[in-house]
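Here it is, the structure, as structure tokens.
So that you can tell them apart, the chains are marked A, B and C in the order they are listed, and the count of residues begins at 1 in each.
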Amino acid sequence: MSTRALRGAGCGTIWPMSKTTTGKTNAGNSFEDFTVGRVIEHATPRTITEGDRALYRALYPTRFALPSSAEFAHSVGLEQHPVEELIGFHIAFGKTVPDVSLNAVANLGYAECRFHQPVVPGDTLRTKSEVIGLKQNSNGKTGVVYVRSTATNQRGEVAIDWCRWVMVNKRDEDAPAPEPFVPDLKPALAATDLKIPAGPDFTAYDEVAAGEKHRFGDYEVGEKIDHVDGVTLTDPEHMLATRLWQNTAKVHFNTQARPDGNRLIYGGHVISMARALSFNGPANAQLIAAINAGAHVAPAYADRTIYARSEVLDKAETDAPGVGALRLRLVATRGRDESMTLRGEDGKYADGVLLDLDYWVLIPI
Amino acid sequence: MSTRALRGAGCGTIWPMSKTTTGKTNAGNSFEDFTVGRVIEHATPRTITEGDRALYRALYPTRFALPSSAEFAHSVGLEQHPVEELIGFHIAFGKTVPDVSLNAVANLGYAECRFHQPVVPGDTLRTKSEVIGLKQNSNGKTGVVYVRSTATNQRGEVAIDWCRWVMVNKRDEDAPAPEPFVPDLKPALAATDLKIPAGPDFTAYDEVAAGEKHRFGDYEVGEKIDHVDGVTLTDPEHMLATRLWQNTAKVHFNTQARPDGNRLIYGGHVISMARALSFNGPANAQLIAAINAGAHVAPAYADRTIYARSEVLDKAETDAPGVGALRLRLVATRGRDESMTLRGEDGKYADGVLLDLDYWVLIPI
Amino acid sequence: MSTRALRGAGCGTIWPMSKTTTGKTNAGNSFEDFTVGRVIEHATPRTITEGDRALYRALYPTRFALPSSAEFAHSVGLEQHPVEELIGFHIAFGKTVPDVSLNAVANLGYAECRFHQPVVPGDTLRTKSEVIGLKQNSNGKTGVVYVRSTATNQRGEVAIDWCRWVMVNKRDEDAPAPEPFVPDLKPALAATDLKIPAGPDFTAYDEVAAGEKHRFGDYEVGEKIDHVDGVTLTDPEHMLATRLWQNTAKVHFNTQARPDGNRLIYGGHVISMARALSFNGPANAQLIAAINAGAHVAPAYADRTIYARSEVLDKAETDAPGVGALRLRLVATRGRDESMTLRGEDGKYADGVLLDLDYWVLIPI
């Protein structure tokens, strides 16, 4: 699991916190506000609609047949028409920002993110987080907070859960350090850990409609695919996206919130852009089943052109009919690197790498 | 009631009107086209959808639980899921622009705006305006037109009504002045004037979901709240918003329509941005019941960073179960002013003040 | 029919194609991949929703009453509420890009585009194309491909069909030329060729709601209307639109894809903008029935201000009650030209002309 800072993913306080005047604004939690076992119920519940699907299409060049077409979804056994998994993830994640990472210095990692069932229009998501680990840093000024967050729908069923850990400022440097506790998180979920939603049956999969003939059997572990296309980022677009997920971190919206006057692009915007670009490649990777780990290696800003590539890390069959799982590394870069170098000889990420995401997708066998 | 010009709120002719070639384009009404008692039915009826809610979320950092979550709306007694009140207001207002303010020099004020019932997806709004006052200016070139506008839904029920007055050019300076008539408008609606929609019952209000523990009893008249967060404006975003409301005033879209080459931002964009920013404060102010008055004190342009603050002006209980009303002053500024100065010693608005809005909201007791 | 290049309309390879690494990305078709009679089923089916309608409203200043109001649509005999015809067209067209024009040097023309029935939210569109003509160019490097594309809905009914022809690169200059075959396409559809959808009955047409009193009988062949209003283009807006239609041509999104570093604006964005601006004119032209021909005369870029004008080319009654048809020329220009000059004395398009579109609309008699 990467310990690189996940800059740009709901991390809100690179600049100093301002004083509020009457204590009626949210000051966020500081390191000493977290205790292992504490459960935080996050505001605000949010209903997903067809409007979210349309905006996602406008913001990202996605063409995966399943979220694009209700007919296609029905043809693979899904009664209702799911939205892209990342819509649910960004919304569920956004809710945790005001309580977990408003005073974060850095987002350090994700682990064990599972998509338990597809999110469909009409679903209302709520998120709660349990503190599962704490470790004060040796400088005495900050500490690492580990949380497991769970998004549930209006029936109380789990839709998505995930762990993340963030570095958070202390309010009072003299406050005593808590007993350190670092949870045991999996470097990657095994294929047997995946929650395959009820429904998907890829036995009558229409690869013509999906636009891609390569299936599970056509991919080999170690194979790399350059997704070729690039998108040049703009500020209005990432702000529209980030607001849509009700993510409030100021650095994404306010040019006065950072010394360089640039808006920092929400890391999830880069994830969604790279995932959409990956259609020009494994276009049959219709559903995201899990995120094993993710590092926002470098910050992204407007006017940079993002490219993406994938590497097949693992593959496994599942119990669902005709459904295989591929574990992919999705890498986003600033500018295209046809050599597809991830790290230099020194083991550090190559210049230009923005995102290194390790995830499981479902694909027809 | 402010008599400051409401620049930027559907005011369309800072530049000279062009000649149309065959009389088949809308030239708007000039001062002499208005007579007291004249009723204008505005085009175009407009159906509200979930797409409007999604776009509103993308454009403004709103997180109020009631418009965010259908489940939350049901939990406070609303069968259907209302959209933000300002969606209805901007749409209803936009319809009046081609007939009322296309030739306006300035929007001078609002009064007596009441939200009679929540607007929900599927509702179709129409707007008509009655001329309720006229007063030619002493220069003989312009006059003030007062209208009461009423938006009705597909059942013919009133959804929103409001008064506004605008300064409109005369087509012919030699045309005789009409008998002056200035209507008697209330400086502010009393709490007893509010139309509390059927439904809201805040007795089982879920403040955890809403994200805020402060209720009616926690606010004192005179209290000021700095909403802390800022948003830097962009041109594409305000154009998306203004088109969504079918507001056609050219100064918002056309850099050739103004001598400085800047697009003037629709005043309603600033209202919605400030209202959304106010979530970091009275987040339980779930419904807007009325707008008493509003002044767009200075024009807004792209690249400026907007901040907001609120002042409690009045408070009152209502007949609805658990529902209180707060009268708030919502102030938007260009740049953050932690001193929260509204006016200087000379009585003029302080530099940087963009919006001074006086409105009633509903909040749990 | 114009043989001017339709630059900007789904034309993807002004820059050199990059090599893909494992053959799992779409390289598009080259000239020698097309044979007369070949049918290509395009990915990806796409369900239309109310979110598309909302985004279209946000992107274009459209105020036509029929797509704006479900009530208005019902009042003219339509059970369901159609979206703008161009939403269907752009989506259907976008699907052809990866297979037909990814390697196109230029889009040369459209013909015989008919809207067979209104597209409504919930419809899922698929597109297939049949190659109906081929002609290698004398340089041996490129050839012209003629296709007839057909978009069908989830019931297998034709929604839209059209022809277009594009100039496509050869992969291998030494490949033999196919037998040339140029299909016989109509310069314009006759009124009797139009597919008037079941439903529209304009006998009780509400011109107050529509915002326009001029009807079929008020327009004369040869009449020109300047639509007066202008919109200054931005990059984020055209990208949002073009992605929404799942159009993947790189030149619209990637500043590295063109030597000048400008994003080329999708030609369909200009069509939709001009059509929306034409509301300030024939606002009763509620439905588009056909596109006879179209030329994207010059490329469009951000920061240019678009104006539009119309010329009445023909008119005819139809069998539908109260429904007449106008054949209009819709011209978009960069900057406003009140002289409404289309071509200079040399027969070439006047400087500033961006679009020359010949289409049929339905209007109340």
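Keep in mind that, in the parts below, a contact is a pair of C-beta atoms (placed from the backbone, for glycine too) under 8 Å apart; a residue touches a chain by one contact, two chains touch by 3 or more.
Keep in mind that this is a model prediction, so the values were computed, not measured.
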Original post:
How would you label the chain A and chain B contact, same or different, if same means the shared numbers make up over half of all numbers there?
Top reply: different
**OP:** State the superposition rotation angle between the two copies chain B and chain C, fitting on C-alpha atoms only and giving a multiple of 5 degrees from 0 to 180.
**Re:** 120
Original post:
Roughly how far is chain A from chain B, going centre to centre by Cα mean, in whole Å?
Top reply: 37
Original post:
On chain A, where are the residues touching two or more other chains?
Top reply: 49-52, 54-55, 234-236
Subject >> Of all residues in chain B, those that touch chain A in their complex >> reply: 49-55, 57-65, 68-72, 81, 208-212, 214, 218, 223-232, 234-237, 280-283, 303, 305, 335-336, 338, 340
**OP:** Under the touch definition given earlier, write down the residues of chain A that touch chain B in their complex.
**Re:** 18-22, 24-26, 41-47, 49-52, 54-55, 98, 121-122, 124, 126, 154, 234-236, 239-241, 243-244, 246, 248, 250, 253-257, 263
